[in-house]
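The two complexes that follow have chain A in common; it is paired with chain B in the first and with chain C in the second.
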Partner chain A sequence: MSPATPGWLLRPETGLCPCGCLGKRRKGSYVEKTIEGGADLLRRVMFTDDVAARDGLLQRVDPRVKVLGLVALIVATACFRHLSALMAMYALASALALASGLSVAFFLRRVWLFVPVFTGIVVLPTTCSFLTPGTIVVPLGTWFGSPVGLTNQGLTSAGLVVFRVATSISLVVLLTITTPWPRLLDALRSLHVPRMFVLVVGMAYRYIFLLLASVTEMYTARKARTVVDSRDVAGGRGFVSASAGALFGKAHATSEEVHQAMVARGYRGNARTLHRMRLGPFDLLFALMAVVVIASLFGADRLVRV
Partner chain B sequence: MHIPDGYLSPTTCAGFYAGMTPVWATAGRAVRRVVRTRFVPLLALGASYSFLVMMFNVPVPDGTTAHAVGAVLVAILLGPWAAVVAVSIALLIQALFFGDGGVLAYGANAWNMAFVMPMVGYGVYKLIARRCPLTARRRAVAAGVASYVGLNASALFAAIELGVQRDLFRSANGTPLYAPFPLWQTIPAMLLAHLLVAGVVEFALTFGVISYLQRANLPVLRINHRGIADRSPTRATAEPRSDSEPRPGPASGPAPGTRPAWRWAVVGLAAMVVLTPLGLLAGGGAFGEDAPRDLDLRKYGLQGVPRGLARYSGTWSRAVLDGYGFGSGSHPGVAYVLSAVVGLGAIGVIVFGGLGVGRVVSRRRSREVA
Partner chain C sequence: MFAVDAVSYAYLDRFTALDRVSFQVAAGEKVALLGANGCGKSTVLKILDGLVFPDSGTLRAFGQPVTEDHLEDEQFSAAFRGRVGFVFQNSDAQVFSPTVREEIAFGPLQMGLDRDAVEDRIGDIAALTELRDLLDRAPYQLSGGQKKRVALASVLVMNPEVLLFDEPTAALDPRNQQWLLELIVELNRWGKSIVMATHDLDVLELLADRCVVFSEDHRVAAEGAPGEILGDRALLRSVNLVHEHFHAHGSTVHSHEHGHSGAHTHGHEPARTPGEDRPTSP
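Entry: the complex of A and B
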């Protein structure tokens, strides 16, 4: 699988939030952007498949142990009160990434392109004494007689938030990029997440790609029909609404067909699965390491007073 | 609006998971009762659809584009409970697979975008559209307005969640541990962006999709609108073609799928109940509600407490939870929440007791008439 995906298909772009609330705003045609968005989604999926197929440390761990271990690390990250504990956790995440065959450049880019854009800029004003009163360490002058500057508390708080976000994102990336999606769902199921829920998630994930193909076809056809790149906003909105409406029609028709196919194969409303997962000594070692790391970092974090 | 991990404290995240669990359970049961074995494929396709709706770029006048969330759209098409499950799953796939929105913060994100947004939006939609025909323009406008309101309600919740972290979680020397912005900063920042840009995009997409379906694919719109006529009766008589479908006339009474309109008022009240602990953070007091001893006499140019005020202010001095606190003044937080619970209970007893009495009386009367 891994050598099948050529490098140019996986060229990374800034990790943006699909809700559009952050990231760079390129002025481009909505048609092209939607097609690019679809391609970007596929690119990420292919990249994840490639990474999950590599032979690395995290790829060898049983998905159940990995889910529990990494979620415990994320919870511990959320509980830390010292910058040094967070930094240690970040270093640990980077080491895990290296041991799992991820390039350092990718790992840093995936996290630090996102963090400064959103977190960094938003957090910046709170380092000032206006928003976070405290001991001023970098004086910036006076305002109506009272000194103004960056406070110790403000800077520490900004550092805490930035590192916490970066570490949590790194850990989630590690979990999802080293586990094939079906294995992740298997793990969730054997951890007693309701079976029906896991079934719906799995099926939803599968049909995203089918529906994405229809979207890409609609938009490519639109692009093929477009002679001049006009800025017809109202017409564009009409097209977007119509394509979203048509997509819903398609999705609903597909769900009916899928339902009939399921019933025809004997589905009576219960999910049945085959699962054969066995814990090896390697998994126990990983779990033990996770417990030791969390206990020691957490202990150090709570014993040292601010 | 996807909150990443690290902004909310673990206790907040746990609280939202705890809050969402009954919502998910109710939603699952409500949807399953209606669609039975169709449950899995319908919700799976609904979730894929709501995932992809967030990828549609909607052109905005200045040449840029923006995305919509689409939760209210899904609520109008499939029903609010189905939307809760579908959008939750879309958010889960985003969080797990695309690192968009945190794993710990997933409960909070689901609360904002998969519960508050479709519920508030659907309430507004029902309120405006009422029982007007399926192809009426009013229905499309109602859908647009509903999505605008729903999105902003959701953004308000996100702003509150981010804004309270600073006051609730600090280290010993006053360093905020999580999101460091105060409420007065998060609420305007979130609401300005959503009222002016994102809400408009949401309106455009929802309005557009509903009016497209009214023109091109009415059967899809009928899924969640049982018992509502396609066209207004006057026009329907002019078009005998549409007579092939059975349409419930006024004599058939309300269809089995309809529910009382006040249901949505209950949802709104429940949201306010959940928000009650916010009062603990508010500083100062309300104007004109001070006890005589707390009055700032100099501010109003008074020499002493006015005689009438002094005489009548102590008329009722046997309040159980005076000033929303225990008499001893201990545990103000617990006392405040307890006051809220007691108040709610009292109002509930009065309202539902009154309703029950009214129902019994009216039933007797109708029996006498019969």
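Entry: the complex of A and C
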């Protein structure tokens, strides 16, 4: 033993209870779940890369045509005034998902898991006769002698909002899941979205994973040294803020190094890229179909009076 | 090729990284910058690549002074960047594009090569660095060794005359290490000058014609051939590149200096000094 070796380092610490008894079980904390969610995001992105590589209908369309076509469909969706037109557009989005080799369950889950939570809560009060007067279809009782309930007009306008959001999200999901990320960025570049914006978005996407891995590692390192889970809320907050600070420092150092790596290879503020895309007959057909669908649904939406 | 003269540099004007450092690199030479962690090797490489600029002293490359002002000149900057390639220690910082293909294309495109020529070069360099199957992968789908290959490919594709390596073999598995070392030797045979920051003494005789040793006070402590430097135990001890080490040969545990390629292949003599050689079995 070296004279500098502390005595306690040579004695074993108390480990598992020798009688084999079990302690209290605790579920993961909010921080743990959030970080696991981040890791899960990485897995999902890898899964979406697989989907984008499949031989489906939307995967065959040139990304520029796809961006323009689907954005036009989203704009049209925002303009529809009737639930039937929105439902028809949603049905079309689902048909496109099927034709592109997406699993129906995945597609529905991706959209309907969040729409009711975020949009539904927002529009729920508008269904009530207090906010949207009209014909009560679901009576809820009386308030100072007046009947109170969900009105036909309120439910219709709530349905319009929910379906509009669901359809728009479905179309965005279709675009992002059937197009590899680099090709989507290429498409934005060729559609004259500012080059610097596309470069920054591309790098942000690239480095999210690096920083995500750092956060996961920091948390895992903490967890590996956590002997007793004592639900230390203040300690948890401290860890989150310290991690955020460390991550900020890391992100800053990385950004400086990335800039140096770019300058070292000749970057002078105007990045040139490799993209080269050509339109084929299939792309033109897709664009034509998008125009026909928008015109038909838009016409039908305007013609229907009720 | 490079002439570094009395260069000093301090981070934030407080933390000295280099103190009056001078050395030269000739065309076709393999130079190893040796020193313990934090002695300023990486800063020297950044100065050689015109990424940071000395607080005092001068750098000349290819006969021209390299200053912030000179690098603002488009023509000089393009010529300099095309002739000097830098492989960073942290491949994650260097591999910033969405795919391997775009990463490799980045440099030549910035240098103004047309897209067909860039595509041809990508094919050739991907074959050389065994990346052909990974060209359409995203960086987060690559292992550490693969990222290092991409970083190297993205520099080699510009066909630089000088290659600067910052700890090239750090965090690589033995197979990738060996592959990279062989490639560096091969690149030098093809006429590329190599300047490499390292503290790995095991690879020195293979990878360097000359060594520049940095002391922990950020100065050049010595220059010389690898054999000469590795033979100077007092120098290596003073710059903290070797240390007392004990390890086992069969049943004998003994201690000696550790730090160069012969450390684990030496012969044995019976224990001489109590406490220095300790038999572990009776």
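Just so we're on the same page, the second predicted complex is superposed on the first by the 269 of 306 C-alpha atoms of A that agree within 3 Å, B and C clash if a C-alpha of one lies under 4 Å from a C-alpha of the other, contacts with A are read in each partner's own complex, and residues count from 1 in each chain.
Quick note on the criterion: a residue touches a chain if its C-beta (ideal position, glycine included) is under 8 Å from a C-beta of that chain, and two chains touch if they have at least 3 such contacts.
In this text, all values refer to a predicted model and were calculated from it rather than measured experimentally.
Asker: Using the overlay on chain A, decide if chain B and chain C clash or can fit next to each other.
Answerer: After superposition on chain A, which the two structures share, chain B sits beside chain C with no clash.
Asker: A:182 in the overlay: touching chain B, chain C, both, or neither? Say first, second, both or neither.
Answerer: second
Asker: Is A:87 touching anything from chain B or chain C once the two structures are fitted on A? First, second, both or neither.
Answerer: So A:87 meets neither chain B nor chain C here.
Asker: Identify the partner contact of A:264: answer first if only chain B is touched, second if only chain C is, both if each is, neither if none is.
Answerer: second
Asker: Go through the superposed model and pick first if A:277 touches only chain B, second if only chain C, both, or neither.
Answerer: So A:277 meets neither chain B nor chain C here.
Asker: With the two structures laid over each other on chain A, which partner does A:68 touch: chain B (first), chain C (second), both, or neither?
Answerer: Touch partners of A:68: none, neither chain B nor chain C.
Asker: Quick one: is A:205 in contact with chain B, with chain C, with both, or with neither? Answer first, second, both or neither.
Answerer: The answer is both, since A:205 touches chain B and chain C.
Asker: Who does A:108 touch here: chain B (first), chain C (second), both, or neither?
Answerer: A:108: touches no partner chain.
Asker: As a test of reading the superposition: which chain, chain B or chain C, is in touch with more residues of chain A?
Answerer: B
Asker: One more residue to check, A:251. First (chain B), second (chain C), both or neither?
Answerer: It touches chain B, and chain C stays clear.
Asker: Quick one: smallest Cα-Cα gap between chain B and chain C in the superposed arrangement, Å?
Answerer: Across the overlay, chain B reaches chain C at a minimum of 6 Å between C-alpha atoms.
Asker: Considering each complex separately, which residues of chain A are in contact with chain B in the first and with chain C in the second?
Answerer: On chain A, the residues that contact chain B in one structure and chain C in the other are 181, 203, 205-207, 210, 254, 258, 262-263, 267-268, 271.
Asker: For the complex, give me every residue of chain A touching chain B.
Answerer: Contacts found on chain A: 15, 17-21, 25, 27-28, 30, 33-34, 37-38, 41, 44-45, 48, 71, 74-75, 77-79, 81, 110, 114, 118-119, 122-123, 126, 131-134, 152-154, 156-158, 160-161, 164-169, 172-173, 175-176, 181, 184, 194, 196-197, 199-201, 203-208, 210-212, 215, 231, 233, 236-238, 240-249, 251-252, 254-256, 258-259, 262-263, 267-269, 271, 305-306.
Asker: Quick one: in the complex, what on chain A touches chain C?
Answerer: Residue positions touching the partner: 42, 46, 49, 180-182, 185, 202-203, 205-207, 209-210, 254, 257-258, 260-268, 271-274, 276.
Asker: Give the list of chain C residues in touch with chain A in this complex.
Answerer: 46, 49, 51, 74, 77-78, 81-82, 84-86, 88, 90, 92-94, 96-99, 101-102, 105-107, 109-111, 115, 118-119, 136, 138-141, 154-155, 158
Asker: Contact residues on chain B for chain A in the complex?
Answerer: So the residues of chain B touching chain A come out as 1-2, 4-7, 9-10, 13, 28, 36-49, 51-61, 63-67, 69-70, 73, 77, 85, 89-90, 92-104, 171-182, 185, 193, 198, 204-205, 207-213, 216-217, 220, 223.
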